[in-house]
Amino acid sequence: MALSDFLLMRNELLLTLIAIIIVVAELAFSPQKQHKIVSMTLWLFFAITIAGFIPAAKGVLFGGMFHNSELTILMKNILNIAVLIVFIQSYSWIKKPENNYKIAEYFLLIVSTLIGMNFMISSGDFLMFYLGLELATIPVAALAAYDRYKNKSAEAGVKLILSSALSSAILLYGISMIYGSTGSIYFAEVVPRISSNPLQTLAFIFFFAGMAFKISLVPFHLWAADVYEGAPINITSYLSVVSKGAAVFIFTIILFTVFSPVMAMWKDVLYIISILTMTVGNLFALRQQNMKRFLAFSSIAQAGFILLGIIDGSQFGMTSVIYFVLIYVFSNLGAFGVVAAISNVTGKETMSDYNGFYRTNPKLSLVMMLSLFSLAGIPPVAGFFGKFFLFASAAHQGYYWLVFIAVLNATISLYYYLMPVKAMFINKSDSPIVFFRSDGMTRLGLLICVAGMVVVGFASAIYEYIRMLSFGG
Amino acid sequence: MNVLNLFILIPVLTMISIILAKEIRYVRVIAAIGMGCQLVLAAVLIFTYLAIRRAGNTDEMVLTQTLNWFPSLNITYAIGVDGISVAMIGLTSIVIFAGIFASWEVSDLTKEFFVSLILLSTGVFGFFISLDLFTMFLFYEVAVIPMYLLIGIWGSGPKEYSAMKLTIMLMGGSALLLVGILGIYFYSASDGGPLTFNILQIAKVHIPLVVQKFFFPFTFIGFGVLGALFPLHTWSPDGHASAPTAVSMLHAGVLMKLGGYGCFRIAMFLLPEAAHEMAWIFIILTATSVVYGAFGAIMQKDLKYINAYSSVSHCGLVLFALLMMNKTAMDGAIIQMISHGIMTALFFALIGMIYGRTHTRYIDEMGGLMKIIPFLAVCYVIGGLASLGLPGFSGFVAEMTIFVGAFQHADTFHRIVTIVVCSSIVITAVYILRVIGILLLGPIKNNNFLSFKDATWFEKISTVTLIAGITGIGLAPLWLSNMISGSLSHIIERLTM
Amino acid sequence: MLNYGIPLQYFLIVATIMFFVGVYGFLTRKNLITILMSIELMLNSVNINFVAFNKYLYPDKLQGHFFALIVVAVAAAEAAVAIAIIINIYRRFSNINVEEVNEMKY
Amino acid sequence: MIDFSYTILIPLIPFFMFVFLGLAGWKFKPMVSGILGTTGLFVAALLSYYTAFEYFFHTEKILGAYQKLTGFNTVWLQLTDKLHIDLGVLLDPISVMMLVVITTVSFMVHLYSLGYMKGDTGFVRFYSFLSLFSFSMLGLVVATNIFQMYIFWELVGVSSYLLISYYYDKPTAVAAGKKAFIVTRFADLGFLIGILLLSWLTGTFDFKTLTGAHSPVITQGAGVAFMGLSLMTWSLILVFIGGAGKSAMFPLHIWLPDAMEGPTPVSALIHAATMVVAGVYMVARLFPIYFMAPGAGAGLEVVAYVGAFTSLFAAVIACTQFDIKRVLAYSTMSQIGYMMLALGVSGYGGHEGLGFMASMFHLFTHAMFKALLFLGAGAIIHAVHSNVMQDMGGLRKYLPITHITFLIACLTIAGVPPFSAFWSKDEILAAAFHHNKLLFLVEYIVAGLTAFYMFRLYFNVFWGKEKQYHHTPHEAPFTMTIPLMILAVASIFTGFIPFSKLVTSDGVAFASETEMMIAIPSVVIGLLGIGIAWLLYKKESSLPDRIAAGLGGFHKWAYNKFYFDEIYLFVTKKLIFARISRPIAWFDRHIVDGSMNGIAWVTTTTSEKIKGLQSGQLQQYGFVFISGAIILALVFGYLLIF
Amino acid sequence: MESNKLMFILFGAMIIVFSILSVTSRRILRAAVYLLLVLISTSGLYFMLNYQFLAAVQLTLYAGGIVVLIIFSILLTSHINERMESIGWKKAAFSAISVIIGIILCCTTILQFRFNASTIAAKEINMGVIGRELLGYSQNGYALPFEVISILLLAAMVAAIVVAKKEKAS
């Protein structure tokens, strides 16, 4: 292997490097100075995010186990940006004294899961895919249980690790059948041998169930709400954005490549699942009072919308999916960022606590409103564009009734996205959350989100760029 | 630069200036100046347009400009106007101008109020100048959503409920619309060309009838919800009742017109054959709307409800006339949109002003206002007379054009329905006179009312602007009618293809 | 020569039964640790699949073999984290009954 | 040819007066505004006289017929290629005659009101509305096309509304205005539909085209279409409904008596002399098509019978009323019934068009004497501050001028020669006699009734016992008495105008002579009516009451106007409001809106119901997960085959 | 041949029986022991298939490592003689139905599918081959997974620590 081969893996390698630096730093810094790791990691990660944009060659490594292309780089960059925002947003939270002794672990675990995701996205065979998936999941369970002294956090941890183990077992069973029926674990070799016989269908469904778990599609979503609610907010936002985003990426890629011979079948599967997901996600979101749980169900419903793009199975569909995920990163992180900011200062997470919030904290409220509008798909923020293209993708295949159901669901979703807006702007409160000044990092994080939400929509160049890189199944 | 861009640019700049304004009292001045510019600009546009037409330009759209936006999907920022959109822009600028003055005294969160209001108008302006389905849809949603906050924050009564209902129903409508738009887009290549969102290009394409029939209901009902199509009008009474003055004005005056405009500019123009085949269903619905809305208004006790039902009736007439699909009726429909827009804005402005004094909107609790606040009362009477279609006001022009046009239809069904619809002029008279009788005339019911002051200067500006609009069109309708019907010929041509 | 007189399907059926017995355990056991044990059963059964396929059908490569190997390692990692979390649960809830770990619902 | 384009000024002057007084009138002293308005009308009246003079005596006749001249015309609104609404001035004998009538009476009323309305708070408003009315009425009569007529038709309606509701703090006045507007509006609906039908059939609004004697359009829509009548006939009947509403024909008459709530000069101008005859004018305007359209004869029959019935009906009621303005109102209805009847029985061209001529003639004379009656009544009311006969008596001493002029008017209406109405009524009776004996009989009886109720009124007010007055009644100021005198003179002498030379159905003059066969009996029955009234009411006696009691139910019935108000009230309040409107309002709130809310309710309820799915139990999650996967595998592996 | 069959029947039966016992036994420690037996039987199968290395790994890592870990944690969290409460019949029934359907579904599907028995010569398996492949970086080399799993193990270690470790005095 030449040096240039390593350059193909630069993102993974750099992340590993960071992981090592963090480990070393933890050992090197005295307990009182552990918090320095925070800024250090931030800067390092910032550097990596920037480095991600350096053009890289296309290539295949390890006999096909590792693929690198502009598309995967794009996906990784999106994830990097998301993680960077998460890091920025968790700045003030992680610096709290009660977290002081586990700062390094926090970053290390997130970075290692990110490594997992990167490998997963770049994987060229089921083994790497599986490994990446596990690497992206197992440490997150620990992160969910990060607040060890909170029952809910512990509960979130156990629910996540056990359900993910179940799902990965099912997924593995599916993979084993695929291996058995095709004789290879390499994607490239599997493709020509895939057809829609019952065994492979069964294998696909089991595989799909495992993936659906990660993306939190109904009926494989039940863990999500509880875990999202119990985990510390920044972990929740990481889970709902980065984890889900990465899973969506690889899911799309695998469907479009490996399972392209049975596209007709998986389109039907997705048809049903997307309707279920949107509807159930929405119906549950309607009633939520806890903001995190609320956003959890909202992100379940969003996953249903994402399927509309995947179902297209063409270049257009993939473009829409990636574009939407990019927008979703900003929107969801914006919303979570505000929830986190409020929670960090006041510890309040219930919707009724937000009553009258605009009158005391107008800026945060506006960010929240924009984020929610973006999630709901209301112009002029980017969510509108994202949703529109997703709907267009499904329509592209002639699934007009699906689009119809989806837009009706979008309308329902608008209802609950307006609930926090109503709380903040319309409802009056005797004891509103008092004015507070969030720290610079929080504001920076939110600023990036807002900028992202505004720019990504109108800047069609981004869309066109993604389209150039996307491919159809 | 294309003058049309200014219609978006000015509101945006106004919004920015408002946000940057240091003191609250500057806010409304800035808003007034901005929207004043908009009004002047609209006048300029009308003259420009007429000059262009006089110069012999017979293009379907003039002042066009196209910028590629999402090239791979052929989404463009395409703008352009014909006589109809020019007229609608004129309407919008009048109403928003009056609206600013009608909300001069908003004291709670003033900045936010004006920003939302102007954002709404931006959406409306954008909608009317767009030639691209995508941007049109975008502006449409921009116009609808500030409504939620405007009603929710500054409204009265069960405002949260109404705001939510209105938003959800309108967004439900736009959900249908979205399906329609996507359908049109993906079949815009039926003749082998590229997929396109551009209305003018789609209009050249022949979309298969089966497809048209599938998407026409989506599109038409989608816009119809906003145009208060029976039975999807119920957001309107609640929404209007709870909305603050300027919002009711803009909503009933302008936003509901988006529905009518969209119905023919998109649903009927782009799907003409389906429009022909399916019109009868909607004709029955709209005719029901007209009569039903009017009857509904008779027994209401709340001023805003009366006006809301009256809007249902009048907007039903708009859609009804559009569905008649001949030049005269459609011409009437457009005039009716403008006429009703100004008229109902006037009503809502006055209701707001009266409410601001009496703090009630129940007509039973008021009486004899003519003696106390003669200026407003007279304006109300004028509005009422315009509403019941008195000659000399715009309502008459519109209604008569519609009736005559609709009656020219060769089909007996259409003529019979027209006669049914005509009966609304009597019912309208009943509820208008009932209100005037109870509210303004008769003895003074409540002695506390004696202390009221008549209209302030800004209220006068607001109402006089609107009345000028009503009577202007009412007395000299020919130029407007010609401007509109000139542009209609392209549409009629396609509809009768 | 290769089938040792036993059809491949037998292996697969044994593995499948084992897998679903594991599932049954996951669905019914109350103790979190026993649930974890059920998961181990499932993973183990998948390994039998991989190995059997490898041996019977594609003996020229060792893909299934290595897959199984990696799965074992992953299972170990998973078990480690899971047990850590379960112990944490024990500290918080003073028991590890899965039915009582339901503070969050609806 | 004489250029008549200046005639546009006749309606425009009042219009500018209206706008000017409406916007700026409150800046002057009230009297200044009043005088301004009056002056405007005076100028308009002079212009009208000039126009009449020029038209009747200086224009060229073609084949001896007065032509329809267009003084001014402009396209106001282009509707279709063929149909356009024009605004303009059409001059022909009837419109010119109407110009004279309207401006004259209007000027009189303006003048009269300077005194009558003096000191009223809404003085300026009153004058601006009067100007508005004059403008509208003038616009109506000079309409070049049926749509212009409709436009001004609506405008007179609204001016009438505004003036009836003039005392707007009086609930009865407000209600009366509303009633007047809505009833006429309802009738206008018929008019509008009639116009639509007519224009659809003929492709034109234009009167010249529509009523040209040999116009091809007349034969359009001849086929029997609906209920045995042709479409054309239906359209004409519908148009007539509009006219019937405005002219208070049975059964759309109910608004007129109530309209007396308005100031008396208004009653004189609008509800006696001008607006209420608009229906007659309209039928006259469309007379050729009524007469000539194939199968349209039925339309004229309707006109005739409605007219006849109304005249009898109203006359009977008038005999029982005590409010002097109401008596006059019913009298007006009765007289308009005459005019309608005359049109209904008329033929076309030359002597055949006697009814037409008579109708117009009577319209003219009626305008004069009825305006006089109302203004006289106004003077009486002005003096005693009451409308009711029982409060009056012996007023002849206090109000000499009023008394004399009122007496002249009463004699006129009673058809006593040589007062004007004798001539016109005589022509009508003659026309009816030649056409239909039954109708003639009815009208003959009505003539007697008319004389009776008018003199009942006269004797009750000016003779009989003096009542206790709050202050001594005094004669009205000269601004009021001058119009009375002028109109009295007009009432006496207008009968001598040779109408058959000027205003005829086809514009061609013909010779008409008084038919003694008819004239003498009609005078006799008139005198008989007067005589009975003299017997009954000259002195206060209980005789009338006894007669009333003798008539029993019938009197009560008539006294209560045959309960028509109650029927209308029932239809509107009980049927339309309670059975249609209220249910619709309810339906909208509860069913339509309810179903929208229902959708929301279903959504939230479903949301509540399925919350058990998310039970917080890890194993349930697992169960759903596994079952989901198995079901999907079953469905896609076996049930759906690809 | 016969011995092979016999061994398979033995191991297969052991696997099935012990797994069922393992998920039904109400004594938790016994359940762990049954699990251990299942794992050992599985390694027996591997031996039978000539995958000695894997079998060894299975024994050491799985049986030796994981089960011991589990037993430790059982000791930490439960009393040895504690009998678990019986499970509700509803839950058991539903789960059983679902599981049985799953088994039937999977088995029929597997039995339907025609696996093409390989005719290619089996690859010689010895430690050398395994070692080379494990560190190979071309096709069918597993260096990358091998490295990644080390990250995974590191992460899992840290994860376990972060959840379990006590707060330092601060």
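In this document, chain identifiers A, B, C, D and E correspond to the written order of the chains, with residue numbering beginning at 1 in each.
Just so we're on the same page, a contact is a pair of C-beta atoms (placed from the backbone, for glycine too) under 8 Å apart; a residue touches a chain by one contact, two chains touch by 3 or more.
Note that the coordinates shown come from a computational prediction; the quantities given were computed from them, not determined experimentally.
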item	value
Graph separation of chain A and chain C (steps between touching chains)	1
Taking each chain's C-alpha mean as its centre, the one farthest from chain A	D
Chain whose Cα centroid lies at the greatest distance from that of chain B	E
Central subunit by CA centre of mass proxy	B
Which of A-E and C-E has more C-beta contact pairs	C-E
Centroid distance [mean C-alpha coordinates] between chain B and chain A, Å	42
Centre distance in Å when chain D and chain E are each reduced to the mean of their C-alpha atoms	102
Interchain centroid distance [CA atoms averaged], chain B/chain D, Å	36
Whole-Å gap separating chain C and chain D, where each centre is the average of the chain's CA atoms	96
Multi-partner residues of chain D (each touching 2 or more other chains)	611, 614, 616, 618-619, 622-623, 626-627, 633, 637
Two or more partner chains touched - positions in chain B	168
Shared-contact residues (touching 2 or more other chains) in chain A	127, 131, 134, 138-139, 141-142, 145, 148, 157-159, 162, 166, 170, 177, 180, 198, 202, 225-226, 287
Touching chain combinations (by label order)	A-B, A-C, A-D, A-E, B-D, C-D, C-E, D-E
For the chain E and chain A complex, residues of the former touching the latter	105-106, 109-110, 112-113, 115, 136-145, 148-149, 151-152, 154-156, 158-163, 165, 167-168, 170
Residues of chain E that touch chain C when the two form their complex	1-2, 4-5, 8, 12, 15-16, 19-20, 22-23, 28, 31-32, 35, 38-39, 42, 45-46, 48-51, 54, 57-58, 61-62, 65-66, 69-70, 73-74, 76-78, 84-85, 87, 91-92, 94-96, 98-100, 102-103, 106-107, 110-111, 115-118, 120-123, 125, 129-130, 133-134, 140, 142, 145, 149, 152-153, 155-157, 159-161, 163-164
Complex interface listing, chain A residues touching chain E	1, 16, 19, 31, 61-66, 97-98, 100-102, 105-106, 108-109, 112-113, 115-116, 119, 127-128, 131-132, 134-135, 138-139, 141-143, 145-146, 148, 157, 177, 180-181, 186, 197-199, 202
Residues on chain C engaged by chain E in the complex (per definition of touch)	2-6, 8-14, 16-25, 27-31, 33-34, 36-38, 40-41, 44, 47-48, 51-52, 55-63, 65-66, 68-70, 72-81, 83-88, 90, 95-96
Interface residues, chain A side, partner chain C - complex	126-127, 130-131, 134, 138-139, 141-142, 145, 148-152, 154-159, 161-162, 165-166, 168-170, 172-173, 175-177, 179-180, 183-185, 225-226, 229-230, 287, 293
